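The structure's right below; bear with me while I get my questions together.
Note that the chains are named A, B, C and D in the order they appear, and that numbering of residues resets to 1 at the start of each chain.
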């Protein structure tokens, strides 16, 4: 079954094995090319806070015109911690069915325990995910040292039928995957990359430097430092802002790839404030509000996440307006 | 059904309604007296990392000789974030059956979303919990302001068939429930107290001061500042160390209650280092290791929590020895 | 000269040598009894931001009616980092002349370098200080480990003609003197105590526990946790709030010392919010504003510290009013 | 006198007034071009911890072969907080005399108080500094909000006879100059730039974006993110590592300026670990140790900064070796 699923993985270069090694449990792990831009899609809810699969599909239809490499489902912006295990799977299934065959579906499968993460990972693969994004467990962060995290990710990667992408998001977890751990884990044949949302560009550059001999890629976890990340060797981004300004984020990618750094810089500048607003500053409520303005289904978050206050909504609008992305009211 | 369950709640003073108000959804909420010492019990696992209910029962049998007020099940030390929803309920059921009728069973029911927390709370009550302990949701901590947390706890307390205890544990969540939020929530008829594990004694005293007119009690979340917490008006503690030195922690309680502050001080001193070792310093792995030494079933944690290194085990032993709780090897 | 000065040190128990040991450089170090309450006095400025020595003296005259043990001059609340080396000495000289013979004068002499700290310490002793308060150097906090700090304090204590009090104030320095370092330094014959402004009561209790065999005393660095500190063995406090409510802070001291814990608790409660307001919340500008209301010379701070905004001043007034220390406007 | 001094300011474009405005106290402020690489030079001490001016001059002689734009004297790496006011001036005088006429001398003149900062700034200008670098005051960081810092820098810039460069170094100060404050201050005719040592590349890009209409330049405060900083519009760097690998840091500058980003990237990679080692990881002791290896006078730091342990020295050597900058022992 896994073989069948794998054959349809877009970007799979058969025969190009990662470091020519075998993963213990999943047989041959092939190199999955994850380069490109991904929106970490949000989860639309209806007025009862239930997942609205129609709206989800409509969003994906609109995104189909944007040259995304694929979609991250159940990242932090997908409110995955608010979904039940079943809902997490169902959403991935739904996305897998909706998107075009050449789009990568990367599913968040991280849980606090290794057992649950492995279990969720397996189900995500069955649900159609081409790769999984595994956030650092963090509740007992005082004990989540390199030993614990290397063991955790190794167990998960050994068991996973699909490639694993590490995910460090200190803003939510209060924990940064250490460079040493990332470098060690990059050698695992079934670990293909890292989504780094911390934004410490020195650290990102160092990880890229120290994993150059591995088939290991780093994705910027935010549009705010996308150009800088490309400048030090990152190959893409998982950017909340791409839910709103997907075309523009992909345009920034192209400018970076083609070496048009001056133009890239000017575009990057105009994305920073909107990006900060829909991430660190106002969170998912801000992101969903902006999506509404740009023709997508944003809507409300699950409780306890509150909608923006009126003042916040005004500030958000003003930020998009002053950077030229929205007209004045 | 709820009525029946309530009648057996130990400590229930019928007729003494909290603030003489009614909770919206659960009818009359009676004042539950939560004063006393509770171990936040650990979850024993077998070699397959599965819950070992026999060992759990054996631990509870041994604890029956200690004058605890009750037991906190599924607090942070219970590795609740590593258990499935089903396991969380099963463990509470098992504890409810095992313990004596006059012991309070307080079950951790906090989840990230309000919906899941409410659902878990209801199931915990059905499983026999006399009260629930609800940790602050924290993954989106940047947006977990007073507005969000007051709304969250109000919804949960409205829906809960049993009294709710707030739970602030910044060491794990990276979030401290603000004084203003705690004071507002203390007015809710179905919110009876706060477990504060942060240890900021000024803050603890202020919360007690500002909730004196409510039926609201504060429990120290650690044995390290238990005496100090009593000195400013706390009425008990949920202390990891009580899993190991339960008699001594209860003795400290008695010394404080009876005003023997000098003796209390001397005992308190000797508990600080062991307490820090089995909490902040070495975490649950340290706690379980010490339990093994003292005749309880500690054992291993679920992955990714690692066992102590040999060096750590030695340090831990030395800490218990130098404070007079263990003899030299 | 040093001998002469020492003979007038109040509280000096001649013959009672600290641990019967000799300090290397300063000959015999006698045990200085530092128990009691001290206001860390503020520095009044005139409209040109110059030190106003007359106002300083008038404040001290008013304080002479309060049963303080003495005065801390050039603590954080004295804006010592804003004074020149000369001004620091002059202010201590002025205070030494003004206060009664039975009052201890403790002068802040900490600088970033060991050399400067030693030099300032010597000058402070000459200016009349009975002891010096030495803040942890902190600019290079990443390297201020136990090795560095133990060396620093040892050099200073060796050279100092007067007893040395350690000073840990993480709110300002971003650095907490570690328990291990404090315990090691407590053995030095010329180090007599610690002012701990961090407020971590577990840590305070542990330091007291581990230094019980030394002539070493811990002073609470804030009125917010004064009762709790006494409950675990502290012997006094250096409390910003004592600049405003000196009588009340001394009253709290007496209640603690005489074991009237219930009364102490009620008084402690009412001091917490005013204390937080004039320290962490509004800083020295808030403290000086409150001093003005209570008949002392507060006045403005040196720039860049700004005066309170109107809104802040109202909040501050409201805090003192609601706790019963000021009447309504 | 000021006029005379100014005429020799290298890079001064007479007639090109910053924003065509006048600074209140210093007459016409001309645009000073600060683009380029600067080592924040260390201060050599002799065995008595006294400044060794001969060694300082010898270092500068060696640096004269490196295409630096100039020298930062009394930055954090100069141990300025350990020098007396007099020493700070003397060192700047000494440097001003030693270096070639076309090199910029930028002197750190920040103190905690505005008065002292202004006074030091004036003396630094007299001592030959072409510009001053003014660190954020930070001891009362809880009150160092935008209002306080904007007022502080405005007063200093008004009074300063030479251009002012803002300096944000949160690793030492625990305080980040907010974007809003930096943008406001960039409009001051006598404030010409910002040295940002925090390394948050998103923030750096945003500040550059929002000050594009001003004559305001941003210098990277570290070699670790120099390429990334150039990619978003920075124009130079003040890099501790340039004390050791000055030629290489200047080479990186040239590669960035000439758009050879691939080559730049490869060089940047090899500088990260050495840079981290001599800054965040081992501090000035590490920097001075590495200087010794590369033929400069590093030597010891002032106490309480300790020399590297043997283990640290080995690690440091290994880091320089593995990145190809030192041969094996």
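Brief remarks on what is shown
Heads up, the rule we're going with is that a contact is a pair of C-beta atoms (placed from the backbone, for glycine too) under 8 Å apart; a residue touches a chain by one contact, two chains touch by 3 or more.
Bear in mind the structure is a predicted one, so any value in this text is a computation, not a measurement.
When chain centres are defined as mean Cα coordinates, C lies farthest from chain A. A separation of 37 Å divides the Cα centre of chain A from that of chain D. Per-chain CA centroids place chain A at a distance of 51 Å from chain C. Among the residues of chain C, none is in touch with two or more other chains. Chain pairs that touch one another are A-B, A-D, B-C, C-D. Within the complex formed with chain C, the chain D residues making contact are 49, 76, 81-85, 112-116, 137, 139-144, 147-149, 151-152, 155, 171-174, 280, 282-285, 302-306.
Listing the residues of chain D that touch chain A in their complex gives 199-202, 205-206, 208-209, 222, 224-225, 227-228, 231-233, 259, 261, 265, 268-270, 272-273, 275-276.
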